[in-house]
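Next come two complexes, and both contain chain A; in the first it sits with chain B, in the second with chain C.
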Partner chain A sequence: MMTYPLFKLLIRHAPLLILAMAWEAASRLHLVSPLALPPLTDVARAWFELVQSGELLSNGLSSLYRAGAGLALAIMAGGALGIFMASSRPVNAMLGPLVELFYPMPKSALIPVTVLWLGFGDGSKILLIFLGCMLPVTIGAYNGARGSDRHLIWSARSMGARRLRMVWDVVVPSALPELLNGVRTALALSFILLVSSELIVARQGFGYLIGYLGANGSYEAMFAVVLTVAFTGFLADRVYQAVVARVLRWRE
Partner chain B sequence: MTAAMRRVAWGAARLAPIVALLAAWEIFARSGAVTPFMLPALSAVAERIYDDALDGELFINIGVTLYRALAGFAIAAVGGVVLGAAMARNAVARWFFDPIISVGFPMPKIAFLPVVILWLGLYDVPKITMVVLDAIFPVVTATIAGIAGVEKELLWSARNMGAKDRELLWQVLLPAALPQILTGLQVALPIALIVVVVTEMQMGGYGLGGAMMQASRFANSRGVFAGIVEIAVIGYALVAVMAALRRRLLGWHQEAQEGAGV
Partner chain C sequence: MSAPAQIIVEDVRHHYRPAVGREVLALENVSLQVREREFLALLGPSGCGKSTLLYLIGGFLPIETGKVLVDGRPVAGPGPDRGIVFQNFALFPWKTVRKNVLYGLERQAMRREEREARAQAFIDLVGLTGFEESYPSQLSGGMKQRTAIARTLAFDPHMLLMDEPFGALDAQTRSLMQGELLAIWEKTRKTVIFVTHDVHEAVYLAGRVAVMSARPGRIKTIVDTRFDKADPEVRRTKAFVDKVDEVWNLVRDEAVKALEKRP
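Moving on, here comes the complex of A and B:
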């Protein structure tokens, strides 16, 4: 039977369908005010209108640019910092306590400062995401690199590998699984920080669009953007995991 | 060197970079390279915190923020363990909630903030709701993983000795899953703090996030930096308390006896 996996998939995701139907019914039957919860079909129509007008795409692209740029910087700086800390004792003694001090800080507290420094545009969001996402990557890279096999390092050394060369060829690959795990945390954080900062102060982006539509009372459109953001975050995580599974295939 | 002396020396060595950073902040801010608006001196920020403490504002804001964060965290902890245990033990619960949890976990729930405001208004309830919504997912997944990881032999012997379902849950499954549940809580706590600060910034009013936003609107950068310092200290303290709680609760577990800290 060809349809069997499809049937299984349907059974597995039926609860989501049930929720969607409950949403539609609750609103259509006026169990809740359609103002507070517009019917899902109306939300879908509003979504198509937002796509057609180009608003969703332009705001979405500016959001993705901010998240992508901030995250890329965080991964490069955080990864380098973590590996550097793991391979040098003095660096670790100097920076370790600082990382430990700043790691538990709720990074959303930085939103007003980044605005103070760089204003309302892209710069402040990129800086926020960079600062907020760096430490999880640092800690992942540090733990991974610290756990890298001493014997591998010794044999690389004895075969005459230079220090930098060795870090790149031996330490980085063995740190990769934990580093990539740190990046996954950073990815989730980047969405949280992006949307929060755009909701609070922005003139563009997903968060701004949500706030703007809500203030205008176009709740169908607001729900459409909220769901778009939520599913973009979900999708980003799934795609990331698929990529990681491919990257780490050599470990099998 | 005695053990006590070594501990003091170790603590001093760890404190040194932090002291150096604070000193660098003060010197850099006073050097004139940046305006006091961009970076007020540490001493000016400390003065502002001291003033807020004197007129009591600081304690009201800390109290309100802590109340919202911890109330949400507590609800998420209890709800998450209950839901996780139900999903681990009951096929229907697992079927219904599994896709919801696996789709919901990676979503940025903060995007739902305007919806929650629309439904629940602007005071404590929507803020606590947002905290629960965000903090519950790691607790649920940790509980499921913890219970799934309990050794079958442990279950069989408890059954053999006549344990009923309820006893099995309370005396075998949950204690054996406790390390992972606590890890889930340790992930959830910082999330609760991030979310509470954002909701306070968005809605204003009392609380550390609201106070920071107020200061930012009046271009009062001292107030903004005071807020960062206060929130950072609260975050650090709560995470430290959680780690201490873990060591205490898991005193019986081999993790603690091996001396592996988190």
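Moving on, here comes the complex of A and C:
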């Protein structure tokens, strides 16, 4: 009974396993220089050392704190802004063009600006992630809220809901599926912005660690951190999707 | 001497303004009076503005010209004195049947146990016992409309505004729901305005049928359609069949006009 699910698990992760084996072989057989691509087993050993020394955890926690704080602010402000824009024509007329102007701008260009404003610490990263992640949420919330069924709005109003109550009870849940889609984009963006800003100016964090280890020639350890970041991002997305499926379980 | 009508519509004109294209005169000088506890059907071809008239009474659309009075006061927006039921059910898809029915009750000052009991009573009334925790997406069309009717009845509005409520249902379900609505109306005796383009449905359900003309909408005539609705065979009697014919003849001219006017 146990073998069957185990077998299925193995099949599902077969591409990853093959990739890992190819990596190990390519390096061990000197098909590529072990300096450019250290063997995976060495990377794994370096990973354990980083965990034992506590470096991975302390830098990881500081990165997660920055990403989490920036993202949380972006979701709250972006969601509110999108719904506000969808519910008020003057607000939309005023802020719509600004949103359109800033949305396509590469937010990594703001790294020096946020450092200039808030220095090398957590503040500048949180601000950058906040600025970079807000607009995808805003646009998702706006589109979702705009699609609210007017019959639902009328129903709530006729049952005695005042305007603000109606927005909370009807417009917000109507906006939720698209808003949550925007949050997923923002989640991926937050990792990109986090690591790139930490690579450039930081004294802590995943990005800092990658840059530091690379500059010192500890390539095994550097790869270990890169893989950790990749896995953390993957895990965050998976957990997020599970949460969304639960929140939106009312849909078919 | 009779009491003044509960709903008074006087010389109402209304334009329909699409997002693109020219505005269209939807209602032209419509006047109508609906008495308390009356079941009135608004009947007309599609696009005649009958739903628009209902939305004006509901307070969902702004009144441009004319007057709409409900219980002697001009309508200035939606309110829980006028419950509405839509063709597309308009249930909150993120709420279960029970939460949908509770929504209107939560907007009133009412103790929790009382709310719950009242919601359950109306869920039972429309025959949805056992489906309290289902989401609308898990229900059939008929069950969705029962939920919508329970939700509206639960907060006890003085009048029911029904916008082609059975239009999205299959023929059998529709016929069953008509019978159930009449039974509920007999029990609760609320004022009902029922919008439909189905002549048979209008004559069967209503005590009076207001026939509307093709666009721009006007009230063409009002036909008395009182029958003994408790008689299960009433729809087969000659008087009923003749009445359906009479109303159908009035509507047919308008339906033809509406077809010709279609761009």
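Following the convention adopted for this analysis, the second predicted complex is superposed on the first by the 248 of 252 C-alpha atoms of A that agree within 3 Å, B and C clash if a C-alpha of one lies under 4 Å from a C-alpha of the other, contacts with A are read in each partner's own complex, and residues count from 1 in each chain.
One rule holds in what follows: a contact is a pair of C-beta atoms (placed from the backbone, for glycine too) under 8 Å apart; a residue touches a chain by one contact, two chains touch by 3 or more.
This one's a predicted model, so the numbers in the text were calculated from it and none came from an experiment.
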Sticking to the clash and touch definitions up top, decide whether chain B and chain C on chain A clash or fit.
fit
Give one of first, second, both or neither to describe whether A:24 is in contact with chain B, with chain C, with both, or with none.
neither
With chain A at the vertex, the Cα centres of chain B and chain C span an angle in degrees (to nearest 10) of 90
Comparing chain C with chain B, which touches more residues belonging to chain A?
B
Looking at the overlay, does A:173 come into contact with chain B only (first), chain C only (second), both, or neither?
second
Using the superposition on chain A described above, determine whether A:49 touches chain B (first), chain C (second), both, or neither.
neither
Once the shared chain is lined up, is A:191 touching chain B (first), chain C (second), both, or neither of them?
first
With the two complexes superposed on chain A, say which partner A:109 touches: chain B (first), chain C (second), both, or neither.
first
Smallest separation of CA atoms, chain C relative to chain B, angstrom:
11
Contact footprint of chain A on chain C as seen in their complex
55, 58-60, 77-80, 82-84, 86, 88, 90, 92-95, 103-104, 107-108, 135-137, 151, 155, 157
Quick check on the complex: what are the chain B residues that touch chain A?
13-18, 21, 37-38, 95-100, 103, 106-115, 117-119, 190, 193-198, 201-202, 208-209, 212-213, 215-216, 219, 221, 224-225, 227-228, 231-232, 235-236, 238-240
With touch defined as at the start, can you tell me which chain A residues reach chain C in the complex?
149, 151-152, 154-161, 165, 169-170, 173, 176, 249-252
Note: in the complex, chain A contacts chain B through residues 11-16, 19, 36, 93-98, 101-102, 104-113, 115-117, 188, 191-192, 194-196, 199-200, 206-207, 210-211, 214, 219, 222-223, 226, 229-231, 233-234, 236-238
